[in-house]
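Every chain is named by a letter (A, B, C, D, E and F) in the order it is written, and numbering of its residues begins at 1.
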Amino acid sequence: MRHDGRAVDALRNVQIEKDYLLHPEGSVLITVGNTKVICTASVEDRVPPFLRGSGKGWVTAEYSMLPRATGQRTQREASKGKIGGRTMEIQRLIGRALRAVIDLEALGERTIWIDCDVIQADGGTRTASITGAFVAMAMATAGIVERKKLPKFPITQYLAATSVGKSDSNELILDLDYVEDSSAAVDMNVVMTSTGEFVELQGTGEESTFTRKEMNGLLDLAENGIQQLIDLQKQALGTICDMIESKEEAAQ
Amino acid sequence: MRHDGRAVDALRNVQIEKDYLLHPEGSVLITVGNTKVICTASVEDRVPPFLRGSGKGWVTAEYSMLPRATGQRTQREASKGKIGGRTMEIQRLIGRALRAVIDLEALGERTIWIDCDVIQADGGTRTASITGAFVAMAMATAGIVERKKLPKFPITQYLAATSVGKSDSNELILDLDYVEDSSAAVDMNVVMTSTGEFVELQGTGEESTFTRKEMNGLLDLAENGIQQLIDLQKQALGTICDMIESKEEAAQ
Amino acid sequence: MRHDGRAVDALRNVQIEKDYLLHPEGSVLITVGNTKVICTASVEDRVPPFLRGSGKGWVTAEYSMLPRATGQRTQREASKGKIGGRTMEIQRLIGRALRAVIDLEALGERTIWIDCDVIQADGGTRTASITGAFVAMAMATAGIVERKKLPKFPITQYLAATSVGKSDSNELILDLDYVEDSSAAVDMNVVMTSTGEFVELQGTGEESTFTRKEMNGLLDLAENGIQQLIDLQKQALGTICDMIESKEEAAQ
Amino acid sequence: MRHDGRAVDALRNVQIEKDYLLHPEGSVLITVGNTKVICTASVEDRVPPFLRGSGKGWVTAEYSMLPRATGQRTQREASKGKIGGRTMEIQRLIGRALRAVIDLEALGERTIWIDCDVIQADGGTRTASITGAFVAMAMATAGIVERKKLPKFPITQYLAATSVGKSDSNELILDLDYVEDSSAAVDMNVVMTSTGEFVELQGTGEESTFTRKEMNGLLDLAENGIQQLIDLQKQALGTICDMIESKEEAAQ
Amino acid sequence: MRHDGRAVDALRNVQIEKDYLLHPEGSVLITVGNTKVICTASVEDRVPPFLRGSGKGWVTAEYSMLPRATGQRTQREASKGKIGGRTMEIQRLIGRALRAVIDLEALGERTIWIDCDVIQADGGTRTASITGAFVAMAMATAGIVERKKLPKFPITQYLAATSVGKSDSNELILDLDYVEDSSAAVDMNVVMTSTGEFVELQGTGEESTFTRKEMNGLLDLAENGIQQLIDLQKQALGTICDMIESKEEAAQ
Amino acid sequence: MRHDGRAVDALRNVQIEKDYLLHPEGSVLITVGNTKVICTASVEDRVPPFLRGSGKGWVTAEYSMLPRATGQRTQREASKGKIGGRTMEIQRLIGRALRAVIDLEALGERTIWIDCDVIQADGGTRTASITGAFVAMAMATAGIVERKKLPKFPITQYLAATSVGKSDSNELILDLDYVEDSSAAVDMNVVMTSTGEFVELQGTGEESTFTRKEMNGLLDLAENGIQQLIDLQKQALGTICDMIESKEEAAQ
């Protein structure tokens, strides 16, 4: 039994609130237990220099936490004058993950800027960011199609993420909150598609190691959790799902 | 008649949602029309170097906007590696304004960090930040008193802020939204206390000027709006009001 | 009686030395008591990106203090690697104030760079900077007209600034020096034109507040002081005055 | 058959040259094909603030590439004034991996600084860095023991790393060089100990995905390669091996 | 004949105006032709970390130019956020040169901060800075002695600097102005003491070279110019000269 | 007799290993005693903005030390976020020196980037960098000629550098190592061409001074050492020497 009463294979309560903000082309507030992230997708009609003239688009992400998203106030990176290693790692991960399920050629020379701003943190902020950002990106992309600026919908599959880990009592658990994450011996972030393939897998022994058998147990938990998250994404996206699913079928 | 149907002396719809976040000692979401700001107050048991050993406390503020708080995406200051002039000006203003209604000696050697994060912007973000931050600061300060760490409540008066301006059609108006602010000939931010005194007054002719008579008309509008905002602060603060009011009486 | 023997409504001794430096298109050394500021105006034949192709010009300002302008040596902002909040606030104020009295369309696609370098500080450096910078800008602008590169003189009015305040003994005083400024309960910077209109008004209670009646008393003092400063600007500008005055008449 | 004639499960030619530099407490030049990295370990008799007084030590790493380690000259991060996301990710990975095989309490309040400087790059620089840095760390740590400053040897296991991937022709391959890495559909970095446990696992589909079966194939390749690398580490370390092996036995 | 009518071995008109600013412990305005530099010396009662507890003092220098010291406006280093290579080189040179003529042990644990701010530039700003800074340092140091905080005067010799060069017409010339400096084939800065010894010698062929014979001719010119500059320093220093001269005699 | 047994006029053991790295157009490892520097030359087919359209090329240099090139670990400049004064001075010196022996017009609109990375430091790193960089530049330049992209070889003379100094026992010595450099009273870096002319001369009294006679003694030592270094460059360059020598003859 976990400290909050959950089963080892249970996600926390997850909500995806669509159209959370007025201005962005796509926006959600995703809530995973006490973790809350505002994810927005902004469409810009140009691409970074290395893609100019290539006909291909780009997806890039930025991640930040409000100073009091956390129990202790964290200094703002803007005040420090530089972005820390953890933030860099997370925003590179989010962008890379989303690019795996969008056809950048079909997107054309556009950039989708993903912004994930954690307003409350209780573990799992990077995976919640990916799960929420996917919905924001799908909304923004559908908008371009609706405005007739894009002939075909470029998103090819659903994508969601969760964390799994080995607790300090050697139990394999799904969707770690902050208390569990702080004491975990092994922490693994998994990003998967609706067809059950991996996009990213990052497992880390925290001053510890893990066996291949444990890794397989963790992946079973993750797979299960991610399919539940994708179901919630589908509910949030409503009719936009049809666009994605026709792409998935086409791919088969 | 204004573009959104308001009378010249009408505030937008204002809501102050208390205890908006889990972790901070004080937090609100303040909504002024479409402007939304998360204001938090964090208590730290030490002061900046220039106050060490003085027995006095400090209040300081930081302000930021999410990249898509605005119609066009704004680059993060953390990515630029430096804080812009507008942000600096606003955060200095917020801190200075709040320090006028707190007895820093009664606070003792503590710092109250105010964080104002604009999640949606539609004009008046700096004045909404001050109005919301006052409530967060009062909550955090009351918490210290309740935990018996402070013998007397240090806040001496209510404090709120609004903007007034002269529109491009030379009308004097209260609480400008983004559309009005962008075209205003004169823009004035006013910070006042519950006893009707000024704490800050910043009037600017935008490539324009204003007469003393216009200034007086603007101050009449502001005074009226601020008293309404203070009423809303009182509703949000509930029983904490008694602490402030006993201070106000003591001061008379 | 003030600590230096001045009446409450007396300016310090003010001098404006024209053509102080060899290279700039306009330059003055302005002396206000012991405050000394070198103000230069440089003309550049292009504008910032947001104005390109608009046919409009721009005026922007930078402000700095020599490390030993002050009683204690201040670290250079170049050594710190960033510009502080106070400097940002001041340089934004100077630029904004000057833009209110120049017809940016008449200026054409040119930038006037104002540089205010305080070589000795004794209070009132930002208002001395504005008063001196106006003269430098007028000189530089007249030079463009004389070189036949501009058909009409773009400056529309005189502009000067001073500070007023409420002393710690509750007296309202004009043109505060450093000693007075450090202990003032209220500090107000006022920027006005020769026709008696406000361009900028910034009043601040320093951990204190002020009433509307006090504000009116402060503005009376400021108005009087600014008219004296404009008389000194006229003496410094000599024949350039004719260009400004014909604009003022045209505007009436 | 791979472009350089290697079998899919073959490492490139690997050499570990010990005591490469005069000054550091431990140093190697590791060569993996055309990739060459100078790895040094420096011992400092103090720890970062968060560990002071804890009795525990720390291992931290920095990573850099010479500008012409690469085919095209890369701008120095010192010239840019900031460290990029890729560098941050790599140096965090190196430090984290090494900390998994050292008993930080046994190390005492010391920091081991690992510096990995790539003088020539041809793919796999991060895994070569980890493999080489382990040897440098072991040498530096053995030196502390020899100088009688540490009662017991703190390193608990061997540690090495390699990359595996899925080529653009869907073959699973070991130890990718730059040409293979640039076109790979999937890229996975694996860090393992001599007892066959994982310390880090980072698999990324580059605008692509991978199945669980493919992942298992990749891990088989990695496991095999890493055991070969550990054999080469043992040859380089010579008698220091005895210290590590007695620790491993003790742990069983 | 030079472009300004000077003989090849003639200095420009030099003036040293003492006590130029109110606040610093020592200050001069040095004018060398059209080059004008404000040099100040500030005394701080502590030393950098590497000297704490050593009983020795330190002299350090900073150098800057106003944006319009030059014909074209130069961007401020504070705005760029970093100090350029030329500035670094010059301020290191000034500090090093001054430290050669002060007994740092006799100074005690104090830092003398030298600030050289060029308000107008016409070549030779670094050598004018050294010549002026020596006078400011002597004044500040004499002040410490007069306030009875230092038992013996620590300055041991006079120090001045000038530039010499080979013109584009292969003439050897003294004290180059901007026009001459821009076209010179060889440029040499020489720092010497009153006893005719070198402290610094920096000769540079600008995409050119120079022979040993030319170097000797340049040094003859420099030696002569520097003795004239030292005579001007003596006039400026007045009675402080006695302190320096008694040191010089003691040294013989 | 010097601490390492050398005669006062003896260089340390010098080796120049050509083609040290795979990717750069020119590269050497230069070893001077225990000082080791990797020098590379990279050719870029464009020039900095101030030369665009001029038909002229450019040579620029960057210099860095590995953190453990030195006895104590030095913090990376990339981690500090800025380049220090010493590095700036050295890289400006290297670039300036090399530009004196290349015909920038003959080079055409190309930039040669010189990178000098010290992997082990024992005094004389800047002069070893110049001596090694010359060889790398000659190799890279010869490569352009060989690829028929340049009609004539642009290098006009050999160039090498060494240090000389006055030891703490007042002996004049050649090629100071770290121990000697740390205690030297006078330190002079000399850059000369094969025809015996100076390109750069930087002599510094370290809290000390030097006479003209001493300077002449130092230059005699330097001249001798540099001719030996040029002989070693010739051996390293092999057939490329013919290109340089034909230029030298043409110049006579």
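Here is the rule we use: a residue touches a chain if its C-beta (ideal position, glycine included) is under 8 Å from a C-beta of that chain, and two chains touch if they have at least 3 such contacts.
Computed from a predicted model, the values in this text were never measured in an experiment.
Peer 1: Enumerate, in label order, the chains that touch chain B and chain E alike.
Peer 2: Per touch definition, common to chain B and chain E: C.
Peer 1: Both chain C and chain F are touched by which chains?
Peer 2: E
Peer 1: If you average the CA coordinates per chain, which chain's centre is most distant from that of chain B?
Peer 2: That would be chain F.
Peer 1: Counting a repeat as over half of the contact pairs in common, which of C-E, D-F or B-C repeats A-D?
Peer 2: Equivalent contacts to A-D are found in B-C.
Peer 1: Mind checking the centre-to-centre distance between chain E and chain F? Centres are C-alpha means, answer in whole Å.
Peer 2: 29
Peer 1: What is the distance, in whole Å, between the centres of chain A and chain B, each centre taken as the mean of its C-alpha atoms?
Peer 2: Inter-chain centre distance comes to 34 Å.
Peer 1: Can you work out the whole-Å distance between the CA centroids of chain B and chain D?
Peer 2: Spacing between the chain centres: roughly 52 Å.
Peer 1: Quick one: which residues in chain B touch 2 or more of the other chains?
Peer 2: Chain B, residues with two or more chain partners: 81-82.
Peer 1: By the touch definition, the chains form a closed loop. What is the full order round it when you set off from chain A toward chain D?
Peer 2: Putting chain A first and chain D second, the full ring order comes out as A, D, F, E, C, B.
Peer 1: Would you mind writing out the residues of chain D in touch with chain F in their complex?
Peer 2: 21-24, 27, 34, 38, 40, 42, 44, 62, 64, 66-71, 73, 76-83, 87, 113, 115, 117, 119-120, 122
Peer 1: Which chain C residues qualify as touching chain B in the complex?
Peer 2: It is residues 82, 84-86, 88-89, 91-92, 96, 99-100, 104, 188, 193, 195-205, 207-212, 215, 219 of chain C that touch chain B.
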